[in-house]
Amino acid sequence: MRIESDIILGKVKRLVSDGKADRVFAWKKGNFCYDTEPSLFTDNYVGFTYDDFCAANLCKFMINESKKDGKTLVLIKPCDSKGLALLEKEHRINRERIYALGVPCAGKIDMDKIRENGVKGVIGIEEEKENVSCNGDENLIIKTLYGDKIIPKKSVLYDKCLSCTDKEHVGCDEVFMPELSEDTYDGKKFEGVKKIENMPSDERFSFWRSQLSKCIRCNACRNVCPVCSCVKCIFDNDNSGIASKANSDDFEENLYHIIRAFHVCGRCVDCGECSRVCPEKIPLHLLNRKYIKDIKELYGYEKEPALLTFTKSDAEPSVIYERGEKNV
Amino acid sequence: MTEYDLSLEAIRMSGVYPERCMKCGKCSGACPSYGEMEYHPHQFVDMISKGRIKELMESDSIYKCLSCFVCVERCPRNVFPANIVEAVRTLSERRQGADRISPDTLTEFIDGDTPQQLLMAVMRKYSK
Amino acid sequence: MNRIGVFVCHCGSNIAAAVDVKQVAEALGREQNVVFSAEYQYMCSENGQKLIKNAVKENALTGIVVCSCSPRMHEATFRKTASEAGINPYMVEIANIREQCSWVHKDITAATSKAIILGRAAIAKVRFNEPLTVGESGVTKRALVIGGGIAGIQTALDIADAGYKVDIVEKKPTIGGKMAQLDKTFPTLDCAACILTPKMVEAARHENIKLYTYSEVEEVKGYVGNFSVKIRKKARYVRENLCSGCGACALKCPSRNSGNEFNTGLDKRGAIYIPFAQAIPNIPVIDAEHCIKFRTGKCGLCQMNCAAQAIDFSQKDEIIEEKYGAIVAATGFDIINLDKFGEYGYKTYPDVVTSLEFERIMNAAGPTKGHLERPSDGRQPKTLVFVQCVGSRDTSGRGKEYCSKICCMYTAKHAMLTREKYPDTDVYVFYIDVRAPGKNFDEFYRRAAEQYGVHYIKGMVGKIYDDGNGNLMVRGSDIIANEQLTIKADMVILAAAAKPDDSARSLGTMLTASMDTNDFFTEAHPKLRPVESPTAGVFLSGFCQGPKDIPETVAQAGAAAVKVIGLLSKDRLKSNPCVARSDSLICSGCSNCEKVCPFGAITYADARVNDGTGMETRRVAVVNEAVCHGCGACAAACPSGAMDLMGFTSKQIFAEVDAVCR
Amino acid sequence: MQINEKDKSNRPNENPVPSDENFTPLIVAFCCNWCSYAGADLAGSGRLSYPAEVKIIRVPCSCRVNPTFILRAFQKGADGVILAGCHPGDCHYSTGNYFTRRRMTLLFSMLDYMGIEKERTRVEWISAAEGAKFASTMNEFAEKINSLGKCRRLGDLRCV
C-alpha cells in the first residue's frame, strides 16, 4: 500500500487538535513535485506533503525548535530517528518539547537519477500495480509532461536508501503505520569502502584528491549533519587555530574532511545526508562509513561512542601497518 | 619428525597452552582412571611441554584415559589435559596407521574366506 | 605587547661543547618580539638568575625563554626566578637544548640549528602564554573512613590522634570487621580479640572519632578538601541514647530462626541481637525481616522487657549529611561464593566448611565454645583435610585470577592449632605452592610441618564424596609422590578465595575512584603512591586495595592516615593552574569531555550566554579546577574546541608546531 | 569517477623519486611529559644519539594530542609525526593513553584510507626508563621517513 500524504496529514492534525503539539515541522511542496523543503507549519497546513521526495532529515531543526516554548511535532523517518536519539543523548535538544511522530518510509527518490535516465518534465510518481518485474522489484510510473515512463524503483532511489538498514524507529513518541515501511537495502553497505580499501595507496590518494578537490566549502555536509551540532564549529572559530572559510589549497580540502569525519567518528548515525546534499556529489559517506567499518572490526559493538570509551585490550595503532599493503 | 617436533604437533593439535599449567595436580586428583594409568593427566601436560612425547605415545595410559573430561572440568587454569591425551593418542595412531598395513604385507591376508572388500577397507583405514 | 627575553645556558660545557651558544643567542635575538637575548655559563646559578631578574626589570620583559636543560630539571627554578622578578611564573618556557640536543647530537652545526629551532618553538609558545594563578580552595578538617574493620579503625585512630575529627561509617551493627571473627593470628598466635577489642574501645571512646554503625554511604559530592557526603543510618529500632546494653531483650526474643552472621551462620540468633559480646557499640539491633512484631504485629516481648524503654518499633532510617576534607575507603573483604565448586560439596556436606567457619569453630566465643566439633553430628573429627587455593589463582572463570595471599598462612595456623589442641588428629594440607614471604612466616609454616607433624601434600583435591557411611572421602593427587590418594576425612576445610567486599564497587562509582576488573581500588601509582586513589582526596586502606594480611593492613592504614593528616593540616589547597578550561560561548554541552575525564572533574551547569545571537540558557561544561589534573583528554575530545588546557592550549601547540616546521 | 583538471597536477609521481642526497626529513615527536619526554631526557643523559631532525614537543599526556596537531605538522612540512606516551596501563592520569590509542588508530586508518603513506605516522609507548628505546625508535623512524622521502601527499604546497 502506498503512503498517502493526506493520511499522514490527518494524523498530524488529530495530534495537534489533541494538544500533543503546538506546531508541526514537516515537508512542504515546492514549485515542482520533487523539490520539497523542510517547513514549519504553525497555523495552517498549506503545502504539507509527505511523499517520495521528502528525503531531508528534519531532526537537526529540532535544536532550534526545542528552544521555543510549547511543543513541536516533527515527522521522523526510521533513518532519522537515530539522529534524534543522538541529539537527545548529547543534550542538544530539549526532548520534552518535541513530539516525534515516526512515519513510514519506502525509500526516497533521487531526482538526479531520474534525470540520468533521460526523463524530463516530471510531474508526479505512481507505483505500478501490475507488471511487477520478475525479481520482485517494484516499478514506478513516472508521470511527465510527455507521458508516462516506467522505471525500476531501485534504479532511482537515493544511494542512502539503498544502503539503509534502519527500518525501525527508535525513541519516537509514536510510530504511525510502520507496516508501510519498505526494505530498500541492497545488501552492499560496505562495498564502497571495501572497494577503496582494496585500491593501491596511490590510487586511493588520487581517488580522494579527485573527489575532495571538488569541494567548494559550502558546508552543506556539516550543516545538514545531525551529529555535527556544535554551537560553533571549530572551522568557524577564529580562535581555534584551524578556522577556515574556504579551501585555499588541497591540504585544507583534506583537513576539513578528515577532521569532520573524525569529529563524527563513533557518533555518525549513517543517515547519508552528507552525500545527499553535497552539490559536488562527493561521496562523503564513504569517509564516515570507513570509520563505522573500522570501529566494527576493531572494537565491536559498544554502548558509548568509540572515541569516548576504551578497553584495556584494544588494538594497538600498529594494526594499521599490519594491514596488507596492496600496492607492493 | 623429532620427538620435540612431535610434541609441538601435539600441542598444536590440542590447542592447549601447557605453559598455563601451575602444576597443582587437580586434574590428577580428580581422574577416575588414575590408578590404571602409567602417566597421569598432570604428567601429560608436564611431559608434553618438555618434549617427552615418545614415552607417552608408547604408554598404555593413552588408552586408559576415559575421555571423561573431568580434568578439563576441574582445571583452574583452562589447560585441558584431556585434549593433550587425545592429541597424543591421535599421533600414536597415525604413526601406527603408517606402519600397520602396507601393500606388501596385504597379500599375506588373501585367502578364500576373507572378502576382498574387507581388505581394501583395512588398507584404507590403517594406512595414511 | 609581548616583550620576550631569551637566556641561553652553556651548562658549563654540557651544552656549549656541542651547541654554538653565541650563535643561538644571536639567532633567537632576531626573532619577533624578542627584546633581550643573552648567554651565560650557568643560568640556574645565583648569578644566572640575577641576570634574568635584571633583564626582566631593565627590559620590561613579559615572557622568558630559557634554553637550558630539561624542564623536568629546572622549570620550577626559573618560574621562581620569574616570580621574584615580578612577572607571572607561568610566563616562562624552557627549550630543552641539553638532554634533547647537545647530549644526543654530535655534529655541532646540526645541534646548533636544532637548538635554534627549539628556541624558536619556545618563543612561539611563550607568545601565547597567559599569566596563570595557582587556584586555592579550603579544607574541611574532618575525615571520613568507610569501613570499620581493623583497617578503618587504625586509620581513624591515627587521624584522630593527630587532632583531626574522623567519622567511621560501618554497614554492620558493630565495628570490628572480619578480624573480630578470627580466633588466633599468625605468625605469633596471639588472640585476635585480645588485640582488636582494645582498639575498638579506643575508637569508640576517642573524642575525635564518631561512629556511624549500621550505616551506609549513600551519596558523595564535591572534591578534595570539600566533600559532601550523605550517610544513611539504618533504623535499629533501638534508641541508642537510652539503651544500656544489658542484653535482656536479646535473651527474651522468641524468634530463633535467623542464622548468626557473626558465627558465619553456624548457629542461630534472635531477631533482636547484639552481634557479639564485645560489640561496639554494645547496642542491639532488630532484624525486621525475622522479628515477629514486624511480621505479625504481635509480640513486643523485647519492648516489655526493656527497663530503659529503648525499643522503638517506629524508628525510621535517618539521612545524615556531613562535610569532609578527605575520604578513606576501607571496605575490606569477603570470601567468594563456592556454588561453582561442586567437586568440593561445600553445600552438600555439612562437614565441608570454609576457613572462616573453621575460625569460628575454633574460637572460644564461637558456637562450639572453642571445642573442635564437626557441624553434622558434633563429633570431634579425627582426620582433617585442608584444601588451599579454592578459587584463588583460577583463570577458568569460576574463581579469582589473583593469589588471595592470606590462605597459606592461616591454613598453617589452623593446622598447627588443631595439632596442638588435639594431638591425636591427623591433619593433611593440600597445597599448590606454599607462599610464606613475610617476617617469621616461612619459619611458622615450617614449624607446622616439622614440629606439629602436619602432612603437607603438594597437589590438589579433585573430588570430595561420601562413602555412604557418613565419611568424607577426599580424593586428590600427590604430584611429588606421583600417586592419587583417597583420604577418609571427618572434616574438610576449604581456603576459599578472598574478594573485595561487594559494597566496594558502588562506593567506587560514588567516589569516582577507579577500580580494576576484580573490584580492587586502583592506586594512584602502583609503586610510589600505593595508598592514594587517582581521585584526589580519596585514600585506600586495607584489603580493598589488594589482598593483605593484618600487619600489612595496619601498616597501610597508618600510611593512609598520614596522607589524610598531611591533607587536613593544610588550610588552603593549592592546585595546579594548568587545568582545563571551557569556553561557555562555544560549548555545546554534548558531554564528550565528561566521558573521557578520568577524575570526574567536569560537570554541567546551565549558563546564561550571549554569543551575539541573543541571550539564552545553555547547558555548558564546567571544570572543577581543584579536581582537574590537567591531562588534556577533554581538550582533544571536544569537537568544537570549547575545551582547552591552560599551559598547553591548542594555540600554543599550533605555534610550537609551526615554529618547529618553519 | 571524473578527475578534474585542478588536481591532475597534484597527483603523486607515478614513480616516486628516490630520496635525494640533500633530503633531510623533518620529524615532529609529541611526547608525554611523564614517560616519553622523560625517556628522551634519559636518552640524553645516556648520550644515546638519534638524528637532529627529530624535534620534540612536550604535552602533558599523549591524550592531549588532537588530530589537528598532527595534521598541522604535516601541513607545515613535517615528513613524519610520531606520538609517544606511557605504556597502556601506566598513564600518569590512569586512562589517557587508552583514549590516545583509539584516536590514533582511527586517525591513522583514515589517513591510510586516503592514500597517505601509513609509515609516516606512528604511536610508540616509551616509558621514563626506556632511554634506549627512545633513541632506537627515533633512529628507526627517521630512517623509515628518509627512505620515504619528502611528504607530498599531505602538505600545504605553499609551505613545501
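Before moving on, here are some points about what is shown:
Labels for the chains are A, B, C and D, by order of writing; each one numbers its residues from 1.
Everything below uses one rule, namely that a residue touches a chain if its C-beta (ideal position, glycine included) is under 8 Å from a C-beta of that chain, and two chains touch if they have at least 3 such contacts.
None of these values were measured; they are calculated from a predicted model.
In terms of C-beta pairs in contact, the better-connected of the chain pairs A-D and A-C is A-D. In this assembly, A is the chain whose CA centroid lies farthest from the centroid of chain B. Taking each chain's centre as the average of its CA atoms, chain A and chain D sit 35 Å apart. Note: centroid distance chain B to chain D, computed from Cα atoms, is 53 Å. The mean-CA centres of chain A and chain B are about 60 angstrom from one another, to the nearest whole unit. Our note on geometry: chain A versus chain C, Cα centroid distance of 48 Å, whole angstroms. Of all residues in chain C, those touching 2 or more other chains are 596, 637, 650, 654, listed in ascending order. The set of chain A residues touching two or more other chains comprises 234, 241-242, 307-308.
Shared interface positions of chain B, defined as residues touching 2 or more other chains, are absent. According to the touch criterion at the top of this document, the contacting chain pairs are A-C, A-D, B-C, C-D. Remark: chain A residues 67, 90-92, 229-234, 237, 239-242, 263, 304-305, 307-309 touch chain C in the complex. The residues of chain C lying in touch with chain B in their complex are 343, 389, 393-396, 398-399, 430, 432-433, 458-463, 475-479, 482, 484.
Across the complex, chain C meets chain D through its residues 70-72, 96, 98-101, 103-107, 110-111, 113-114, 117-118, 121, 514, 522, 524, 534, 578, 596, 598-599, 629-633, 635-637, 645, 647-648, 650, 653-654, 656-658, 660-662. Remark: chain D residues 1-4, 6-7, 10-12, 14, 67-68, 71-72, 74-75, 88-89, 95, 98-99, 101-119, 122-123, 153-158 touch chain A in the complex. Contacts from chain C toward chain A in the complex involve residues 585-592, 595-596, 604, 611, 616, 618-619, 637, 639-642, 650-651, 654.
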